[in-house]
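What follows is a single structure, written as structure tokens, with notes after it.
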Amino acid sequence: MLPTANLNPPFNITRASHVCLAVTDLARSRDFYRDVIGLIVTAETDDTVYLRGLEEAAHHSLVLRNVESEPLALYVGFRVRMAEDIDAAERYLASTGIRCERVEIPHQGPTLRFRDPVGTHIELTASMDVVDRRMQSYNEFRAGSPQRLDHFQVVSHDVQTATEFWSTLGMRMSEYTARDGTDELWGTWLEVKGNTHDLVFTNGHGPRLHHFAYTVPDTTSLIHAADVAGSLGFGDEIDRGPGRHGISNALFLYLRDPDQHRIELFTSHYQFIDLEDRPMRWDLSNPRRAQLWGMPASRRWFFEASKFPGEPVRKPLLQAKPETLEDSLSIH
Amino acid sequence: MLPTANLNPPFNITRASHVCLAVTDLARSRDFYRDVIGLIVTAETDDTVYLRGLEEAAHHSLVLRNVESEPLALYVGFRVRMAEDIDAAERYLASTGIRCERVEIPHQGPTLRFRDPVGTHIELTASMDVVDRRMQSYNEFRAGSPQRLDHFQVVSHDVQTATEFWSTLGMRMSEYTARDGTDELWGTWLEVKGNTHDLVFTNGHGPRLHHFAYTVPDTTSLIHAADVAGSLGFGDEIDRGPGRHGISNALFLYLRDPDQHRIELFTSHYQFIDLEDRPMRWDLSNPRRAQLWGMPASRRWFFEASKFPGEPVRKPLLQAKPETLEDSLSIH
Amino acid sequence: MLPTANLNPPFNITRASHVCLAVTDLARSRDFYRDVIGLIVTAETDDTVYLRGLEEAAHHSLVLRNVESEPLALYVGFRVRMAEDIDAAERYLASTGIRCERVEIPHQGPTLRFRDPVGTHIELTASMDVVDRRMQSYNEFRAGSPQRLDHFQVVSHDVQTATEFWSTLGMRMSEYTARDGTDELWGTWLEVKGNTHDLVFTNGHGPRLHHFAYTVPDTTSLIHAADVAGSLGFGDEIDRGPGRHGISNALFLYLRDPDQHRIELFTSHYQFIDLEDRPMRWDLSNPRRAQLWGMPASRRWFFEASKFPGEPVRKPLLQAKPETLEDSLSIH
Amino acid sequence: MLPTANLNPPFNITRASHVCLAVTDLARSRDFYRDVIGLIVTAETDDTVYLRGLEEAAHHSLVLRNVESEPLALYVGFRVRMAEDIDAAERYLASTGIRCERVEIPHQGPTLRFRDPVGTHIELTASMDVVDRRMQSYNEFRAGSPQRLDHFQVVSHDVQTATEFWSTLGMRMSEYTARDGTDELWGTWLEVKGNTHDLVFTNGHGPRLHHFAYTVPDTTSLIHAADVAGSLGFGDEIDRGPGRHGISNALFLYLRDPDQHRIELFTSHYQFIDLEDRPMRWDLSNPRRAQLWGMPASRRWFFEASKFPGEPVRKPLLQAKPETLEDSLSIH
């Protein structure tokens, strides 16, 4: 049985909100996201840089935090509807035995941290400082002209459990991959904001953050981002794309930042609101799920991802045999 | 005081869903929407043609109905979340003294019709027959490659009343125009699906349907639609654009169909989900609200719109003086 | 009889090369061309700014010269193949009674100035200082990403005479407008570099420079230029477009600089090399010659243009009656 | 010493004109070029299909000829300026000991065939039947919207000799690759029509036709071609791209037709007219010559190409050691 979205969830998640990365050279990382990707720097402190997309009115969707040790994904953030939802989340998580913690975060309203059942580090917040949308400052558009943070993809050792958890919280599956003839979930695309995904789980050694994704306005912006990356010496840091995913229909480009965190730029979400729509199933054996067209992804796209601090990486419960590279990972 | 969205509305509207037009030559109108706009024909009967956008899984978003008399806008349709919302809508509307009517509509689930307080003809439905999304049939893309129906704009004699009604039903104002120094509402952009608009009211002789709008993937698609219109002899039926609205940041193109119903193709919605975001105010005196740039709209763009059957057109309560063309209409 | 290109011209013109404008506020004009259009500033002196397109290896294609009096078009420049062609041009022009003058121009090789028979101020040069093409510095692309100077359009009182002169110099007509049923030339598109135009003459009060044109890479660049113009407060300085010319098939956008000189950004040249191709004729009565689609041009687009210094503006020999705005001007 | 263009060549070549391919299933190949690429079918006979790009007024730029045996490149065609140039070519080739042959070809004017010194099969023609340009029939645009044939790339065992021959005929080198510290030519980009290339030679087992190339209007068209290829089941027939060549700055996409002939779609030629411009040199050791960015080309892109009938394939004179895949082939 496929997990289905809880239509009356214990609290209201509204969208993917922000991601916080530990980086080893703050200025270098800031320059990458500002100049190669095109994000706006909202604010900087000694050890933190806050960035956002061109149309975002929220203070930050990407937080870079300086560390001396190794690069890490610190947490991925979701918005809840209002402060009361943070209270409700706290009660609900406690009731299910998940430890959570209220934290004070600059520029954010009530905020809660916890780890989901597969170890993903999560931050929920109810609001942020409001800043100006720059979407009509066309003279400031650079590189990919990223509009807004859209979704996260997490590699997990147990996609089934992860999917059930987030379905209970109201996330709805728009597409999924499963081994042919079974309902073994190898990848699930979960959404809450009315289009294809806010959170994706794919089978593999996890939890690790595979990538976070910003929307760009169009094909031309995506290719311009690649051109700018090439001009600024980051051409080799494209580890997949441009290409077209079968799943979600995204035109995609994946780049690695100076610490090898991965960012996706993409276009072509479709709307997924009506309850009569069923999730789209893709058999693992169908190569079009990964790409309608496009050169093969690099090996590092399949094998590399960002760990969460202190979180052990577990072997996937589902193992492919006979193995092919993609089957063994089931990353789209 | 500005109307604010009811956060616990009596029933759940989820999105703009469909529009039904009376047309005087069914084949000619079908050809226009298929060949000049690029919509998919889902089904045809003797007197009705059903069309949809390339990514839509719902049976229809545009219904053309043959009439021998005059062209009319028959109704604009919204989706509610589920069948129970139709029941709740029926109870709620009855409780407020608004007459409504259950109707059986082919390819639709439970459906209710009513007129809002300013006379707009509305249809609510809970579901539709599911058909295949054509968004990966790239070889079938034509003209503007319209993806999905997005919103309606209605000319109303009383924008304040219209806005209050729909706010009570949960719609939220993302942007608005008001006479300088006052809160007199001259135009309101209302949304329910998390971006700038599902329903727009502008001050003028109404109720009349000013236009319905489909999203297109990018700038190139929008200009290609204009080129195809030119090639097929509809170049003169562009009555505004291409240009960039200040309000909503849309890159727009407006075309008239063979009965002079108006369709907008546009790009560049932005996300509007977080409750701390305030609606964007534009003073009537600010010319950038209408256009960041672009040649002036034609007179017919300002004065012509589609009537609803049997619905008297009322003079606007707010009148501009001294008059300028745009002020007197306050259509963005 | 239509003028035809001299296949063995007295010297070899190779392309439109540069334009020199007198401007009244040098810094303001430089900022316009750099920030609103996206040109590269090659060099600046106290009274002169040299600019070029992103792919140009020639030192300048636009020269701004500070003046305290009125803005003027100083001359339009063409390249000849080599220094010997300057010698040949000098001999040829002398032989036909046209006064010409050798001049020393910074950053240019052998250079000759003269006035053509309809009074257009012309500069021929054989070479320029070579600078680096910036076409792979994608991180420096701004606004319209203009690639290179392409052509000039001159309003002339005598299109027939102008066309005959330049045809003798080897220019070839790709398209033309003529009064229905006659061979009266109202507009001629002349080329030497193998696509639709390097020099255009249109009937009207002249000689005046109507515009000079830069190519942009694609539709998206053209619209981005308009967006940037809007963001920087130049939205009202678009006096025509975006639209599609029937003649030449150009997607066009016309902007006025701070002194009201006019620049066109456009895409969509087609190749015009083969001698068996006949020039394309457009009857004046055919509205598609001006626009396949697009909102009407402003009055100032039709009536305003830049004078040459000391050059009297003459009434057109051909007069339209009964007059329509466009017919009387015959500017596409 | 680098070969330099003969400024007074024995006859005037004007552009790359057409390519003729032997194919094993005529209908299947026609469908590919019409539906996946977007070419216009000008005419069909029992054993031949003639196609052209959307803006081409010449009868054909691609000729498919049915054969029962193996697929082959039959010849690549260039235009000369006029019939007299065919006569001059005939005399010149005879004088240099190259056998050539007058042939009667439907829809072509005076035509001559010969093999260049490295064995490339060449056809020169002075004119073709004129047909209508379809560039304003926007409703007929499909897939990549290819505008015109642009250039050929030939794998040759002796790039030096090939380049010297064509330079004598007036072709001019815009860019080239050479082993570091030497003038050993490994790849040469030769042009005659004023932009980067009409004919390219790269070092390898030859002569073989590596690809022929059509220009497309913009980035969006190029990606749409890939999407259409994916939709029609040809996604795996993309053997390189999308990516950006350092050499020539082309945004490229390479596809294999049903017989494995290779076609390139690309954008971004730059103008190359002025004689003071020097050819751009790229050291073999510079990886940016091949790609500013982009996933690696497939092995078959490097190793597979179309043979000419009866023409032995020779080992390259220049051999790389120590070998890397790209160095050994020196194909950009």
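We call the chains A, B, C and D, going by the order they appear; numbering starts again at 1 in every chain.
Throughout what follows, a contact is a pair of C-beta atoms (placed from the backbone, for glycine too) under 8 Å apart; a residue touches a chain by one contact, two chains touch by 3 or more.
No experiment lies behind these values; they were computed from the predicted model shown.
Centroid analysis (C-alpha atoms only) places D farthest from chain B. The chain pair with the larger count of C-beta pairs in contact, out of B-D and A-D, is A-D. With centres set at the average Cα position, the gap from chain C to chain D is 33 Å. Separating the centre of chain B from that of chain D, both taken as means of CA atoms, is a distance of 50 Å. Centre-to-centre separation between chain A and chain D, using Cα means, comes to 43 Å. The set of chain B residues that touch two or more partner chains comprises 136, 218-220, 227, 230-231, 292. If you check the complex, the residues on chain B that touch chain D are 35, 136-139, 141-143, 218, 220-221, 224, 227-228, 230-232.
Listing the residues of chain C that touch chain B in their complex gives 218-220, 223, 226-227, 229-231, 234-236, 238, 240-242, 244, 251, 288, 291-298. Chain contact summary for the complex, chain A toward chain B: residues 14-15, 55-58, 79, 81-82, 109, 127-128, 130, 133, 135-136, 147-148, 193-194, 217-220, 246, 249, 267-268, 270-271, 273-278, 292.
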